[in-house]
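Below are two complexes that have chain A in common, paired first with chain B and then with chain C.
Showing the complex of A and B:
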């Protein structure tokens, strides 16, 4: 971990803190109101706001988790820093793609 | 007939990395320190025992060992405090190569001091006027809080991150860097911040606080490292640090 990765990890954590709270609030709202999948999709389809909200969430989570996985690998596996960095980058990219796919299913 | 003094059972690490514990019986005395016990073994039971000490009064930082599982300075640790069950197990410090018996190779520890730019770099010459430092200034208070380190290596031996990451500079070196970052007279802080902001520097710390818990002088290297994290992050965001 160097200062660049540290700043990115802390910045994405700070960004995600309110996003997580909103996400949990939305879950509570949807379940308490008994919204069906169709109800939810009718609200999110075509919504730039929801696409932006979850798109930013996915990007932040992918960066944050990739840096964390890199740290775990450098401390707990025999991988070199460079290899751990590459593995973590692929992992972050995978999270990003899978996350965007889920967002697309929600808003398109 | 003279009465036999009470004895204490002491297991000492013998050999190098692949050694084993051997048990000795040592007379129990009032106000006896762990270093007294080790010295008794070497002088009366086995002169081949290797260990390191110098001042015996908690100033030189050379007698640290692992005592009943915890890193401690042995010259200021009373047997009565740590051997309530009448047993002592004394080994070399963790996280450092073992030379022999209770003696570790401190070279990696001091090399990391160098890497962290732990040497004072004067910004004035002897021809200049003496710097006037206000003792109540926040920078001087921060420097004073961390400056009494005696390099005993206890924090280094107690640190989980050092155990997991051989690159990590460790609490003592970073604590030292923090005192110099706050020393208005020092002229090498750009290089020092770059050194502690690189891979293996202050950002590797997980803030487990074992260093603070075990420091025999009750210093708080975790707080010093947190200070370095803030200072380097600010310097990086201001464009003063290139990583």
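Showing the complex of A and C:
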């Protein structure tokens, strides 16, 4: 892993640490009496705060996961660095698009 | 000879690094499906409700507990890595790694106790 990817990996990790903690707390809160779409949407629909929170979370997770997958492929698969990098970039982009689509479905 | 080269692979910190890597990989595989399910909330959430009813099955709840464990252990393992790299070295890394795994298991068990 080069220095640029290392810094992105660690920076997104530091950014996500509080976001993951909040996410776990929300999971516990939301599942206290069973989950329903109405409950979830009543919290998220039209909320700029949740849109920002999940938007940042999706962006950070996409970058973090893509770099992690690249590292695993480089070390554990026969793929060359270049191919592992391409696969990881496509994977990260896919996560980002699917994540933003999910956020849009929850907040719009 | 081989046994000597593989000896480190039984150490607590090697195991902690492996758990961190595998939990990250599992979460990366899970994420696209998580996002696809959340996108079912579009058009009033009927699709999402139908999926949420499916998740009432005990095996699915158990799998959710597993995901909570993976997320927590990856978070705590990552915090330990960030602390090692950015702060002064502290002894007791093996104890911290064990504590992270134990705490993650407790969080997952509390989740399971609440949803069952």
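What we mean here is this: the second predicted complex is superposed on the first by the 104 of 108 C-alpha atoms of A that agree within 3 Å, B and C clash if a C-alpha of one lies under 4 Å from a C-alpha of the other, contacts with A are read in each partner's own complex, and residues count from 1 in each chain.
In this section, a residue touches a chain if its C-beta (ideal position, glycine included) is under 8 Å from a C-beta of that chain, and two chains touch if they have at least 3 such contacts.
Fair warning: this is a prediction, and the values are worked out from it, not measured in the lab.
With both structures placed on the common chain, the touch criterion links A:13 to chain C but leaves chain B unconnected.
In the superposed pair of complexes, A:21 makes contact with chain C only, with no contact to chain B. Of the two partner chains placed by superposition, only chain C is touched by A:35; chain B is not. By the touch criterion defined above, A:74 lies against chain B but remains apart from chain C after alignment on the C-alpha atoms of chain A. Contacts of A:5 after superposition: chain B is touched, whereas chain C is not reached. A simple residue count on chain A separates chain B from chain C, and the partner touching more is C.
Shared contact residues of chain A with chain B and chain C: 10. Taken together, the chain A residues at the contact with chain C in this complex read 10, 13-14, 17, 20-21, 23-24, 27-28, 31-32, 34-38, 40-41, 58, 61, 65, 68-69, 72, 91, 94-95, 98-99, 101-106. Looking at the complex, you find that chain B touches chain A at residues 161, 164-165, 197-199, 201, 203-204, 229, 232-233, 236-237, 241, 243. Considering their complex, residues 21, 24-25, 27-28, 31-32, 34-36, 38-42, 44-46, 48-49, 52, 55-56, 68, 71-72, 75, 78-79, 81-82, 85, 107, 110-111, 114-115 of chain C touch chain A. Of all residues in chain A, only 1-7, 10, 74-76, 81 touch chain B in the complex they form.
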